[in-house]
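Notes follow once the structure below has been shown.
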């Protein structure tokens, strides 16, 4: 299982912020997970094919080729706008 | 008459901070005034021939070729060290 | 090194004073306070909502402060960032840096702000007369950060 | 634009707060606080005496603030500098700058400090175990100021 968290615009589009899913067969990277989630259609498709989405694994910002392991916490969010 | 003010190290060397003097004949610039004052010998000589001295006319920092007029306030002091 | 992500307001003066007096040899404290502007990109702002990623945000701010500490000869840093609903003129963020000398404290404080703006997971939603919208990231913030990479 | 040369201490937090709330559109306040260090060039400092040139010093600080205002898009500035006898950890100087955006407020605040250090008529006398001596001007301060000329 992995935990997936959504923030800001993404959270609002989905109307929820977190889900626990089994790492789907063949999915090993952030790019793979994004493709898998986008295939759900509707809001998911819009999130992962539209504006830029950033990803973190276990609280560290990563690129899309970063490898996901079972037990990881994955966060998806838009470019940051704090400060 | 001009007013001459001394600050910091200069004031301490002379043991006074201000004097009113008639602009001496032939003295038209800061450099001229410095030469005139240095000719008094002792502490004056030490002040104007030793370490760097800065000058202001009427509260504006000037170079040594700046022209002095009757009624001016001239300040002499070391390089500044505030902040 | 202090990092706080909190809903409550903060007192910049208190934080500056504690940095000033905390370490022997402090000669300078440089600080930055960011607040909610009443106007952004031409629209009047009535409210700003700040969201963050608990756990990751604190870790990100700590990492930025550590990078600053490694890069410059500074003594200590304080970073406080608020979340939740804020009104115009409410404080958003404080970054304060103490050091023996001013030049390094200035550089470190600006570095922390530039990295915070582009790396720390915070997201702003603005409320205007037209409704609410998520603030878009600015290219100028990326440019500000890239300067430090070229500088190194 | 505020310039004060005073014997009394100041409260950095109060000054930052009043800059923050004074003008519509303030998004950032950058500030610098300088204090008496307990050690300078290897010697323990027991007291610092600051002398200034009444009239000229205020005029010089106002001119520096005006140059900053012409050069950057900032909203307001506060400069407070103390004189008289100060002890280690006593505050010496505050420079605070408000603006819509951080980059210009940072630059203006650092510019003001660099010019203050090299142009404003203040002189420091340090007291150590060996007695009192006038502090010598530093080449690094001239270098810091010259950077702004090359930058223009």
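For reference, chains read A, B, C and D in written order, and residue numbers begin at 1 within each chain.
The criterion applied here is as follows: contacts are C-beta pairs under 8 Å (C-beta built on N, C-alpha and C of every residue); 3 or more make two chains touch, one makes a residue touch a chain.
If you're wondering where the values come from, they're calculated on a predicted model, not measured in any experiment.
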Chain whose Cα centroid lies at the greatest distance from that of chain C: B
Chain centre separation in whole Å, for chain D relative to chain C (CA means): 23
Centre distance in Å when chain B and chain D are each reduced to the mean of their C-alpha atoms: 26
Centroid distance [mean C-alpha coordinates] between chain C and chain B, Å: 48
Residue list for chain A, restricted to those that touch at least two other chains: 83
Chain D residues counted as touching two or more neighbouring chains: 34, 102, 113
Contact pairs between chains, per stated definition: A-C, B-D, C-D
Footprint of chain B on chain D - complex, ascending: 34, 50-53, 55-56, 59-60, 81, 92-93, 113, 116-125, 134-138
Chain A - residues contacting chain C, complex: 5, 7-9, 11-12, 56, 59-61, 75, 77-83
Interfacial residue positions of chain D with respect to chain C in the complex: 11-14, 16-17, 20-21, 24-35, 37-39, 89, 91, 100, 102-103, 105-106, 109-110, 113, 144
